[in-house]
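After this come two complexes, each holding chain A, first together with chain B and then together with chain C.
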Partner chain A sequence: MRRPGKPVLLGLGLVALALAPVGQTDYILYILSSWLVFAIAAVGLNLTLGYAGQISLAQASFMGIGAYTVALLTLAGVPWLVAMPAGVLLCFLVGLALGFPALRVQGHFLAFVTLAFNTLFFLVARNEDWLTGGPYGLSGMPRPDFWLFNTDPNLPFYYFTLIVFVISSALMWGIVRSPWGRAFKALRENPIRAESLGLDTRRITLLAFAIGSAYAGLAGAMFSPLVQYIEPGSFSFVQSLRVLLMVVVGGSGFFFGPVLGAAVVILLPEFLRFTEGYYLMIYATMVILLMVFCPSGLIGLGQRLRDRFRPGRELRGDMKQGAQL
Partner chain B sequence: MQRRTLLTAATFAAALAGTGLAAHAADVVKIPCVCEMSGAGAVSGTNYHDGAMLAVKEINAAGGILGRQIVMDTYDTQTDPQVSRALVQKAIDSGAYAIMGTVYSGSTIVNMMVAQRAGVPQFTGSEAPNITERNNPYIFRTSSGAQKGVPALTAYFKDQLHVTKIAVEWVNNDFGKGGHDVFRKEMKRVGIDVVADVPSEQGQVDFSSDVSKIKQSGAQAVFVYLNEEEDARFLKEAKKQGLKAPLVGEVTLTGQKVIDLAGGAAEGAFAHVGLATSAPVPSIEAFVAKFRKAYGRDTDHNGIKGYIGVYAIKYATEMIGKFDRKALASKMHGLTLDVKKYPGMLLTTSWDKTGELSRESFMTEVKNGKQVVIGTVPAN
Partner chain C sequence: MSQFLQVLLSGLSTGSIYALAAIGFTLVWQAAQTVNFAQGEFVMLPAFFVLIGIHWLHMPLWLALIFGLIVAVIVLGLLFKKLIVEPMLPNGGLPLIIATMALSILLKEGTKQFYGAEAQPYPSLFPQTTLHMDGAVVSVQDLLNLVVSLTIVVALTLFLNRTRTGRCMQATAQNPAVAEILGVNTKRMVLYTFLINAALAALASFLISPVYLAKFSNGETLGLVAFIAAIVGGFNQIRGALAGGLLIGVLDNLTATYVTTEYRAALPLVLLIVIILWRPQGLLGTSEGRKV
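Showing the complex of A and B:
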């Protein structure tokens, strides 16, 4: 599977990302930054859903936990570098706890459990005024200042987001290629067989949830300083569906799927704006067509096209149907 | 598989690099409208936008502002605060002189920080109290905030209805909470006992337990602070359960949309409204007729907000005699535009140091399926 061209292409992609903001307006910088932030959350959900096969509709609530933790701490004067790990750790622990129902319920039932958790988070964020500011939310979070590198203007903030994105993606790359990564896939494909081979499916399931949630927490930790305003509505159930859409549209179970999916969900509507009143309709139609004709997402579509023109390179037989939801 | 992805990513990046800034022509002035053209706020946002557009057409036909034609681009926020923030940035990048919108408070509170940072005056249709409480010198309302509107009702409860026990039904979002908090404070000030305090969800369908709670509390009047659709559902349920206490609202309760949705159940409801399209004032009647002629439908108060916002920009700019954003913002503070001299304002309007607005307002009642103005409340 290893081809010499791959590192070169990866390098080119990074260069493209590094050069993308050159000469751009603040608006484009903001959109690009929010793409990378949501890509981090989607990469996390891809581990839970795409690799380990555990459906979660609570990704936005973990973004919320991360965002509120970082917002409260940075507003109290704690540096971002301390607040971020606190938020991520909290998400990891809560994700671990939420993983327990996943040991008992599967599929649609698990979806409902996580959905309930998301609603619970929304209600707590809205009703506990003393902590979260209630429906008014929290605002004015400072952007991190790393001595020589102040991220307050939009351009440095984009690079800051890019750096966090690259580091977290590299970590994820390591995770899915580690024995854990293989264990996650085994769990998705056939839990009974995985267990019979001596895998501790209980531990693996919990880990899949916890790591996926920690990534959402990291995205939340970036979201706070990016938007500089958070309110419960930003982390409602609908937002979880949006992250899920990113994973599914991009290609659930493919490493770069969620990154591409986040681009489709965040960037595509902005590109279609020139069609004015029609842009949301066009966007929705495109997503429906994609899901009907290629349930394995954009990357799956790319692979199918390649197989048609250059057959005989069967790489991922397991991904023909896309990761099962 | 990664190759495809990276190629796509590279293409995206290249496409992004291609989009640049449009040339800024000298003989026009850009006043973009960032508002809710889709999503939950589409009704309010579209009316706000169309009202503003009507003013733009009139002003352009009469020679523009200081000889420059107004260009109003539309940016749809999808009623999403995050999107609205990006779009205000986009509007500023395109060289906006001032910005119209947004209407939903949850969006305005996010995007006004961007306009403030860039030093661009912004004319919002939002009514949540916290918007003018943030020392933002660039935000201006086009209708009074709830902290002005709700106290106008206090005298009505105390002196006209003579109630001692009251209930409040409110929607638990930043709009509703703003009104609710002001209301509680006002009731405490005048010594009226709030016997039932019932929060509801945005988009709530069933109000039966809310109404029965209020009924059991023995309240002599009910203050209803909900969005239009929920207002209608609440009114229907109140009628069904035979709730006898007068239902009094702020802004929305007697709106035409609520009357249409609630059928006969809206009959007899009261509301204080900052701007009433039914007001027996010749300037407003003329505006409503113009709007109907231009768009073939009626507007709610949001249409008036958009309309007067654009006119306020025109009048204040002509006073300072140049296109200077900072000078415009400081001119607006403490400005009073008398309708006799500035007919585009429809009613005499003043702004204070925080961008809060003050003008005459109205008490309305639903009679025979129509909103009828039963009294005016002087500007405070």
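Showing the complex of A and C:
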């Protein structure tokens, strides 16, 4: 018995994403585009957290580096297609420089170093007026124009984000499936065994963190033309926590977890608007409950429910123990 | 010179309060391998319990302080351990870290919703007078804050090293399996650690709130400083956390006075990165070795 394969579901999902904005207001278009932008950042963090098992709390500051780089370059007249790789590369290099010392030591040092880095970035962005515009930020970044495809109106910009999202996700799919990507999984499941098999765990973790950071840079490079106004507050520590929660709520280590998580984190405030100030409290309580009852996130919860209703699809009950051995 | 002394003393005073939070953080880390990202909020909240005692239950200050301490130990010690840490331990470290982050949002937003977003004036425990010593103006509050928090640290060290319970707690932190074999009730010892952490956070809260006023967002900086103090001093040592706290308090005040106020908040962060690069086990810490 074959279930409708994953390619079919993937195709349906893409069609839905392509049709979603038709006839919608500018506001909905903005929400959808920012969902895709944050999904890119969350997909990157998922590599660091879900596959390599390291906590990064600086995803927002890497988005900030990407966003400020692209904003400064495009305001100076450099085309987006040149500015974007510059921002992504810068994030990759900063990620390497930051992760190198932190990953020398075991434990959750990367979490603390990235936490400190995010706060430092915020301070620099706020205080160095000559470069970043200080607390007033930068505004009026042009949206990219590709000859026949001008992304200035909101609808084309949505499709532009969709294309970038699909390309970057496909790239991540390739990274995760490659032998090199499988090393990440080995590392998360059993670092000692991974090391005994000859994997240079430190180098792999470092690269995972740097690539994850580069994805945040890409998200920042999209964020800058999307909102056309950036200020330090958009890249504060709280925003990093938001991206982290996207990954965890969706299901870290699952490929589509962060995409789902980003949708929940972006859309939930809209649904919970009637609760006014209590939104964050409800949200935090939900996260705690999710962590207590299902630490593998919403996708993990879905899988668990599916297994309950369709038990023993492949495994015979009496074979279970054998299968475990 | 007299200004330097003043700055030094007020730095030591805030630093010793940071150290209380950092020590609690270190104890919980050792006993339960739990990184508590809500530690800052644990220091922010007890001040509000005291305010509730004063304004709503019309208690005198001393009774409100005791009330605040007891509520803090129950809510931030017992309930935190039973409702959040315990059910999550089998899930591994990562979900617990995420949950404490969510808890910090919950406590912060809860305080904002139920007590208001403005900074609340908080009664001072000590007289607001100054002493004149050799031309230096010394605040009595700073001096007494330093004395009280150092006394607490000394008492805690004595408790941990000289009493049976304290030594059982240390054994549990060092090697839970062996401690259990030797007849230590490890579960109980871990619970004690959480209660002590809550009490330390509450005491830090009572001392720091007259200086900073009670505000829902106080935990953000306090929590970060407590982590950094714990790491800078050495993650597995009480005296390390104390040294880390004092160092950060002093450096913070010195930078603000003599170098720059804009980047005041950056200094502990730079210190953290330097320490991790140069001496990852902390200034006074001993290397834990790799767990292979």
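Keep this in mind: the second predicted complex is superposed on the first by the 281 of 325 C-alpha atoms of A that agree within 3 Å, B and C clash if a C-alpha of one lies under 4 Å from a C-alpha of the other, contacts with A are read in each partner's own complex, and residues count from 1 in each chain.
The rule we apply is simple: a residue touches a chain if its C-beta (ideal position, glycine included) is under 8 Å from a C-beta of that chain, and two chains touch if they have at least 3 such contacts.
For clarity, every value in this text was computed on a predicted model and none was experimentally measured.
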{"item": "Chain B versus chain C as contact partner of A:109, first or second or both or neither", "value": "second"}
{"item": "Touched partner set for A:89, first chain B, second chain C, both or neither", "value": "neither"}
{"item": "Partner chain in contact with A:260 - chain B first, chain C second, else both or neither", "value": "first"}
{"item": "Which of chain B and chain C A:280 touches, first, second, both or neither", "value": "both"}
{"item": "Most chain A residues touched (candidates chain B, chain C)", "value": "B"}
{"item": "Partner chain in contact with A:101 - chain B first, chain C second, else both or neither", "value": "second"}
{"item": "Touching partner for A:292 - first (chain B), second (chain C), both, neither", "value": "second"}
{"item": "Chain B and chain C contact sites that coincide on chain A, given as residue numbers", "value": "127, 277, 280"}
{"item": "Residue numbers on chain A that touch chain C, as the complex places them", "value": "49, 53, 55, 101-102, 104-109, 111-113, 115-117, 119-120, 123, 127, 192, 195, 241, 244-245, 248, 252, 277-278, 280-281, 283-285, 287-288, 291-292, 295"}
{"item": "Chain A contact footprint on chain C (complex, rising order)", "value": "35, 84, 87-88, 91-99, 101-103, 105-106, 109-110, 112-113, 224, 227-228, 231, 235, 262-263, 265-266, 268-270, 272-273, 276-277, 280-281, 288, 290-292"}
{"item": "Residue ranges of chain B in contact with chain A within the complex", "value": "1-10, 12-17, 19-21, 37-38, 74, 76, 78, 81-82, 85-87, 89-90, 92-93, 106, 109-110, 113, 130, 172-174, 176-178"}
{"item": "Complex contact set, residues of chain A against chain B", "value": "5-6, 9-10, 12-13, 16-17, 19-20, 22-28, 30-32, 34, 126-127, 134-137, 139-140, 227-229, 231, 233-234, 254-257, 259-260, 263, 267, 270-271, 273, 276-277, 280, 298-299, 302-303, 306, 315-316"}
